[in-house]
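Dropping the structures in below, format is structure tokens.
Note that chain A is present in both complexes that follow, paired respectively with chain B and with chain C.
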Partner chain A sequence: MSSDNSQLPLDQRKLSDLTDYEVASLTQELKAEEASKRPLVGEVEPLERLSDEYKNETFLAKIASLQRDSWTGLRRLRGDGDCFYRAFAFSYLERLIPLPPSAAQLALAKVESLLPLLDQAGFQKDIYDDFYEPLRDLLLALGPDSKLPRPTATSLHASFNDTETSNAIIVFLRLLTSAFLRANADDFTPFLFGLEDDPRFMLEGGAPTMDQFCSFHVEAVNKEADHIQITALTRALSVYTRIAYLDQSGAPPGGFGAGAGENGDVKVDFVEFEGESEEKLNGALLYRPGHYDVLYR
Partner chain B sequence: MGSRISAKRLTKELTELKTNGPPTGCTLIQADDLECWVVSLQVLGESVYEGEEFALRFKFSSSYPIDSPEVTFVNCPERGWKAPVHPHIYTNGHICASVLGSGWSPVLNVASLLLTFQSMLASCKKKELPPDNDRYVRTAPSNPKQTRFVYHDDDV
Partner chain C sequence: MSTASRRRLIRDFKRLSSDPPGGISGAPCADNIMVWNAVIFGPADTPFEDGTFRLVLTFEESYPNKPPTVKFLTKMFHPNVYANGELCLDILQNRWSPTYDVAAILTSIQSLLHDPNPNSPANAEAAQLFRDNMKEYVKRVRTTVEDSWMDGEEGTSG
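Let's look at the complex of A and B:
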């Protein structure tokens, strides 16, 4: 136990006394507390509502640029540490709705092909099956052999607002991500980094091992997804995903392309995961610092 | 519908514990109520706790296993159970371990927690109370899940 007051609740200590790690934990806790009042997945609303929430010129210019690019809708997600996974899962399933049932059949086959990775990662089938079931049932319902009514955007929205269904899907996606990272540890380990003063990783010189990273940053409930988790999940499922970065900077973290075009005209960077889009996709995720929503046009 | 997964998982875990037994050194004492179990625990091999028997109480909310269970060491003089003297275990039975908080993952279960606590005790070199034990016990909420522990040198 380090300093004398280190057992006081974080929010009763001076912010300047907290380490970066503690500040990050506190931020996440406060966000989760505030977020618990919002629906898990909201209705589609006009993108222009977002402009009302910002005074910052860079943000306003970027929102305007999205609108010029005919991005008009936004579906807000609850701002907890699960928002990436929830946004990804919702958008992944919603995109299957207008496609022929064979698309869902293919998606299901892909997921099934990944199950051995979960076993390899040491997850018990008995345990992961409970989390897999809701996703499998939705994919089956969207597939050709379904006797159930085909899910619609409305019914999918309702399913995702059922806490248990929604959370089970998220846990399953976290397990897939973790299993894929572990199976491809050689490719991903060089990108691991720890928060410098996270006490759990001090012994290893700041960077966690893949095993630690997966337990603490992927499998643990409510831990946000970073670039590495997003890369792993989209690659595992071979799901093309693009993310619009609505942030202060000219370029998103990682430095893809330049944000500011000629004449100081600000554009939003779209980062693509898992290859090029073969068709013009009308879906994307919208990233704002620390949060993901679904973007429509 | 809040507890489908929870009841399903607990039933599976309980059946498993009853059929194949809990980890060596542990005994299922009570699980009449699916939401509250008591398991006794001994540390195997040489350790500072040799010959002592402890008991853990597990309380499960309807959001288990998404949410971690509430786990405490039992103080029950009639059965001879007392919380172990350990730098991360308070005399009221509360345990400061990240596996019960931010390190919890829904793939963990009662059996894996029992193993974790066995090894946490087995690796202890010296019986010492947490330095802030008195103050913590005076002000602690009855449910340790409401305490915001700051985890230190342990990775359990």
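Let's look at the complex of A and C:
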């Protein structure tokens, strides 16, 4: 497994020499580098622009099906591994803007009720408070007792493009996710798995312990959220979230023939987290392999 | 110039000086808050006992979203320390979280001294001796401990 040049940086080694685990690390490095050129959170743009990026017929048919379901807009996020948390946080706060201030008050009470879990997980209050402050301030500003001007989609967009604010919110959500996973380890541990050749988890038979999973895959910066982190975070905050999966699944074998035409059979799968929606939601997250954006209609 | 990283480093310094964990010390350079000198004292009851190991931490504007680069200035003999003093420690690479401050970084390095990680050898000889020949490993470490005293004196006079 380890060849003579295993001490070289990953990007100077032959791709065929790398293990799955090393390829995953390298992919993340390259993505982070490429991503740093985009804004953290983009403006809302028309969904049809997405069609320009794809030649693949499954993707095009799925984008068309989203448009038929009246999804019209897309807000792109920087693909730096933090995109799920950033998309979630943005959409979570943006949804509160048109609602009565009591909704933000309720949301804040929910967050406050989770703080003891952070202490229980061993995070120090004086450390996590710094990362909590920006989210708390935004929720307070959306609440009934605010003396500050009420945040708008525009001001929220600006806050989320301020690196310090944006990253602090992500760190805090990562800590919440981690604390919730740790507190409910019995429920979540069966779903933990590691890449087969990940040397760190060999001793445990290939799967990380909850502690390892949280420190490597939840708390660490730029680590993508998978189903388990998304389940934990939405459940912790009781926030209904739905995610549209724009991927290759459901493509007919052999692709679309000339006769397929306007194929209405290909639908985008929406996966719902944290129960049924009580209110009719006009927002969702859009997943494309390895990346999350915000979807509007 | 006040930036997020500088403000955070000032906080890190306050925290480190008001509540210093045992066996570590660190402070920014007088003329550049982005570069810190630190000393880790070898933990008692380990081969590194009584050693004074000097390090330099270099921070970028992206701190705390990105970790600093950390390098031993003292010559080390340790499975996870490269010949040039750079070290292989997961929290400084793929397990970094902005919740780690300077005190947490130095404390982690201190525990790495007596608890090497056999999965990421940076010094093949040290890793092999640690695994197969503890007696020789301890002897080699003790030599660096003794050398570290000389190194410390040079440091203070220079």
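Quick note on the criterion: the second predicted complex is superposed on the first by the 281 of 297 C-alpha atoms of A that agree within 3 Å, B and C clash if a C-alpha of one lies under 4 Å from a C-alpha of the other, contacts with A are read in each partner's own complex, and residues count from 1 in each chain.
In the analysis below, contacts are C-beta pairs under 8 Å (C-beta built on N, C-alpha and C of every residue); 3 or more make two chains touch, one makes a residue touch a chain.
Predicted model, so just to flag it, every value in this text is computed and none were measured.
**Student:** Is the arrangement of chain B and chain C around the shared chain A a clash or a fit after superposition?
**Tutor:** On the shared chain A, the partners clash.
**Student:** Between chain B (first) and chain C (second), which does A:Glu22 come into contact with in this model arrangement: first, second, both, or neither?
**Tutor:** first
**Student:** Among the partners chain B and chain C, which is in contact with a greater number of residues of chain A?
**Tutor:** B
**Student:** Could you look at A:Leu30 and tell me whether it touches chain B, chain C, both or neither (first, second, both, neither)?
**Tutor:** Neither chain B nor chain C is touched by A:Leu30.
**Student:** Going by the contact rule set out at the top, does A:Leu175 touch chain B (first), chain C (second), both, or neither?
**Tutor:** In the superposition, A:Leu175 touches chain B and chain C alike.
**Student:** Should A:Ser215 be classified as contacting the first partner (chain B), the second (chain C), both, or neither?
**Tutor:** Once the two structures are laid over each other on A, A:Ser215 reaches both partners.
**Student:** Considering only the touch criterion stated at the top, classify A:Thr163 as touching first (chain B), second (chain C), both, or neither.
**Tutor:** A:Thr163: touches chain B and chain C.
**Student:** Check chain A for residues that touch chain B in one structure and chain C in the other, and list them.
**Tutor:** Touching chain B in the first complex and chain C in the second, residues 7, 25, 123, 127-128, 131, 163-164, 167, 171, 175, 199-200, 215-216, 219-221 of chain A appear in both lists.
**Student:** Taking the touch rule as given, give the residues of chain A at its contact with chain B in the complex, in rising order.
**Tutor:** Touching chain B from chain A are residues 1-2, 6-7, 9-11, 22, 25, 29, 123-124, 126-128, 130-131, 162-164, 167-168, 171, 175, 199-200, 212, 215-216, 219-221, 223.
**Student:** Spell out the part of chain C that touches chain A in their complex, as residue ranges.
**Tutor:** 4, 65-66, 90, 94-99, 101, 119-120, 122
**Student:** What does chain A use to touch chain C in their complex?
**Tutor:** Result: residues 7, 25, 123, 127-128, 131, 163-164, 167, 171, 174-175, 199-200, 202, 215-216, 219-221 of chain A touch chain C.
**Student:** Could you pull out which chain B residues touch chain A in their complex?
**Tutor:** Chain B residues touching chain A: 1-5, 8-9, 12, 63, 66-67, 98, 102-107, 109, 130-132, 135-136, 147-153, 155.
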